[in-house]
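The next part holds the structures, each set out as structure tokens.
Okay, so chain A shows up in both of these, paired with chain B first and chain C after.
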Partner chain A sequence: MRMIAIAHNTFREAVRDKVLYVLLFFAASAIVGSKALGWISIGQDIKIVKDISLAAVSVFGVLIAIFVGTNLVYKEIDKRTIYTIVCRPIHRYEFILGKFAGLAILLAIVTGLMTGVAALYVLVLGGSVNLTFFTAALLIYWQLLLLTAMAVLLSSLTSPILGALIVFSAYLVGHATSILHDLPTVLKESWSGRLLEFIYYVLPNLSNFDIRAEAANGVEVSMLYVVWALGYGTLYTAFLLGLASLAFEDKDV
Partner chain B sequence: MSWKRVIAVLALTAVALGGTSLTQIRMDNLRERKFDDELLYLPNEKLLNHFTGGMSSVIADFLWLRCIQYTSQHFQSDNKFTWLAEMGNTITRLDPYFVDAYRYTGIFLAGLKADDDASIELMKKGFIENPEAWELPYETSMVYLLNRREEPGSAAIAAHYLGMAVATERAPESVLAIAQGLERKHNLNDVARQIWQDMLANSNDELRKNMAKRKLMELDIRENAAALERIAQEFEKAQGRAPANIDELVTAGYLTQLPPDPLGGRYFLEEGHVENTTLLDDLVQRKLDVVRKQVEKFTRESGRPPKTLEEMVESKVVTSTPSHPYKGRTWKYDPQTGEVSP
Partner chain C sequence: MSVIETFDLTKVYRGHLGRAPKRSLDALNLTVGENELFGFLGRNGAGKTTTIKILCSLLRPTRGRAIILGEESRSRKARRLIGYLPENPYFYEYLTPRETLDFYGKLEGLNAAERAAEWKKLAELLDLGDIAGQRVRGFSKGMRQRLGFAVALVGNPPVLILDEPMSGLDPLGRRMIRELMLHLRDEKKTIFFSSHVLGDVQQVCDRVGILVNGKLTRQGRIDELLCEDVKGVEVIANTLPASVATELSGNTRHVRHSEAGYHFTVDDLNGANELVRRIHAKGGAVVEFTPVRESLEDYFMRLQEHAK
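Up next is the complex of A and B:
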């Protein structure tokens, strides 16, 4: 119940943030404007609209998760409003989970809204949207949850700017981890190869959540793959939230 | 805000944007060759995939637009398309499901650059990633029909690719009509027979002679199977039911004996069609090669063989695996060794 109250307040606070609307405006502009690129694409306009729409959902979702997420805990400490919360009978982990849940609800609404607008736009343009399109949006949302958990962890450890930089770097690195895995056979046998392999498994592999090419081209993706990707995301997010709770538990506010 | 201020803002905007536009035009002229130059620095497509930040599909779209601009610019100027194949390979590496990028780059390569080899190679790459796309074998057949029509056997190869397009069961009726028309017009069995007979007569190489002999026998088997199918249809028309098996055509007096298979196979009836084990075994080998290559690709990318053949599709490494040519049979697969057998 206490956690729900914190989630509710976090959601209300985030909705009032003007950055959210600026980002949503740019996302909508990118989705609607993508049609212009289709004019010179030899009949690929629907594919390009789908590609750019899903990319917009992902990029602007990440920006919201970073800008709002890295401020969540830090702002409470900075403005000293944290004292009014920690002096009440509430566990610190409840505070962290409540903050995360509030932003997760906001991201669900934003992702759902952007996906809905994109799907509607594709239909208006005469295209069709299949299940893979919505599955791709679901996996994008799961990726955003993971990044939000990371942002919450960093928000309780460091300043918003440094936190934002780290989460954004993690987003870029998380999509490039496969290079650590696709090593030449000679290197794979060596210690450095094994170390790189270890790093590959430890870092969050965000390309697991990327089925946008399949969605844009109408290629089916097996539900088993989706379930495993969701499982991976849930596990990693839970781990990061656990770390965030531990970090905040020991924090001297 | 007073109207004077509005006019001042508008005038300032017009002057500023006019100034920047003129400057841009001047800079574009100074960097006239920039467009082609920047293609020189296009990263290796294998590396590029790792550094797109999850945007590989969108980058493929932008590269595709660049590819169209590039083709259009050179079509209107020097007709040189040096980077076209490179661009096609990079786009399709970034988005392996982008069927129209394979298709149109293939058409541009064959039609504008007259580089049939690069065109066919790109479209064949597309077959592996998108076995259900009828457009790619269809366009490949067109390259053989239009660009290589003078070459002996090109009509037969074109018919082979048209057959592949029809086999996807997604090709429009018009493609089926072209395939049937090609078959009738060129009498492809006769064309193929002529090619193999020439090779048998003129080649000094024993291997080529043996291959020609085998191909001629396969042609006989194909013609025999087609003739048996026609007799089976006559039987059905007369008796009001399909023959229970191929031997019934002999016992009912439609044939004195079944034609021999010089390669040791046998004919049999399958859902109203006459099949032959020699031809099917050959098809098994060709499809098996495709499945083995898919397993190799999965092993290369994942560092281990797939647990099942279905895993290759589930994990998005391939979009589908070829079905076994014999009805009711499936490929035997050993997940420990990654070995596939018929």
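Up next is the complex of A and C:
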């Protein structure tokens, strides 16, 4: 009940944020504009449109997760609205999970909306979408949940700007973690090699959620892989939310 | 029975970027009794808000503990027993008062029917009916304070903890808050509040506690703390020529003139009676005779001087 109230309020606040609509406008423009790239790739235009559309869903979803997520707890402390909430008979973790859930619901709607527009656009252009296209969108959403959990954790520890920089870096590096692992043998033995390997194991491997190429080409992805990726995302997200709850438990506000 | 009790409550804020740690509260031992209206006084930075934040579990004490109706202040049971009004209360700007109370009702675990009843009761008590549908954004200080009181009262807690409830309000607003606090005391609530407005505190409080530099220097009933002795007497006389007034001023502490007449201030009642006799002898008329006793403000200032 209490967590739902906080989630509902977080959702309501985010929906009234104008930044959301600006980002949605740009996402829609990117999806529609993807046809322009399709024209210069002869015979591949539908593939390009599908690929760019899913990339737009991912990038703009990440931007929303970062902009809203890194402000979630920080803004409550900064604006002092938290005073009259944590003095109530609620567990502090309920507050953290409620804030996360509110943004997760918003991202579900936004991702669903963008995916729906992209699928419709592909159909209008004469293409077809199969289950892999929607599975790709689901995995993008799961990636957004993980990044939102990271944003919530940082929001209870640091400023939104620093938090946004860290989450965005994690997003970029998280899609290229294989580079950190597949190091040349010479580098592997050095301290910098060990550091990069440590980062490889600590950072989430976001390429696990990336099946855009398969979706664009209409290639089926095994259900086992999807379940594995969803499980990986769920565990990582739960771990980050656990950390966020711990960090917030004894925090002076 | 004690409603609020603190034992050696201490808070030291960690210093950041090489700054020294700051001791905001130093071994505070405080007791607030049942159905009391307790005023918590101190200068800016004395530790009032820190104490209140610890009682409301917004801050964790460095040492010591706080008990509310027998429960540790950080426990959920204790938080169920308190209603908190922060200084300059902030709410979600995009919500209306009705939505705001509904939200806090959910946090208290009230069901829909209970929340509707709570709204009806609090809207009537705090006169929120006219602004029920307006967004909080754009509310005046007085409207926010009324809403803040309503939020503090959601769930009908037996203990109210109010941080500067009269700060920034006009005389009408302050009066409204004073009357509300007295009304809530009549409803058997215990009210603990901090304030700078000493005149208001003196009017409504049963007991006060005074903090100086994080230490509780005094706590007790106002009439016990204040000196009952007459500090001086003001006598106002008219129909006196200026030359006579100058002659009479010889045995007084201070003289000034206003439309009401000459204001003579003398040290004690004997001196005042002698002055009245001489005024009458010179053909003057005494229009006012006021013994001056120590106010809470005088007492507060005396303590501050003593602390230097």
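Some points to look at:
Going forward, the second predicted complex is superposed on the first by the 236 of 253 C-alpha atoms of A that agree within 3 Å, B and C clash if a C-alpha of one lies under 4 Å from a C-alpha of the other, contacts with A are read in each partner's own complex, and residues count from 1 in each chain.
Heads up, the rule we're going with is that contacts are C-beta pairs under 8 Å (C-beta built on N, C-alpha and C of every residue); 3 or more make two chains touch, one makes a residue touch a chain.
This is a predicted model, so every value here is computed, not measured.
Taken together through their common chain A, the two structures put chain B and chain C side by side without a clash. Applying the stated contact rule after C-alpha superposition, one finds that A:83 touches chain C and leaves chain B untouched.
Within the superposed three-chain model, A:137 lies out of touch with both chain B and chain C [touch as defined at top]. Judged by the touch definition given at the top, the superposed model places A:244 against neither chain B nor chain C.
Contacts of A:9 after superposition: chain C is touched, whereas chain B is not reached. Of the two partner chains placed by the overlay, neither chain B nor chain C lies in contact with A:107. Contacts of A:224 after superposition on the shared chain: chain B is touched, whereas chain C is not. When the two structures are aligned on the shared chain, A:55 is found in touch with chain B, with no touch to chain C. No C-alpha atom of chain B lies closer than 29 Å to one of chain C in the superposed arrangement.
If you check the complex, the residues on chain A that touch chain C are 1-2, 4-6, 9, 12-13, 16, 79-91, 250, 252-253. Chain B meets chain A in the complex at residues 47, 49-58, 60-61, 64-65, 68-69, 95-100, 104, 301, 303, 313-316, 319. On the side of chain A, the complex with chain B involves touching residues 37, 40-44, 47-48, 51-52, 55, 58, 171-172, 175-176, 178-179, 181-182, 188, 206-207, 210-214, 216-217, 219, 221-222, 224-225. Listing the residues of chain C that touch chain A in their complex gives 53, 56-60, 76-77, 79-80, 82, 84, 86, 88-92, 94-95, 103-104, 106-109, 148, 151-152.
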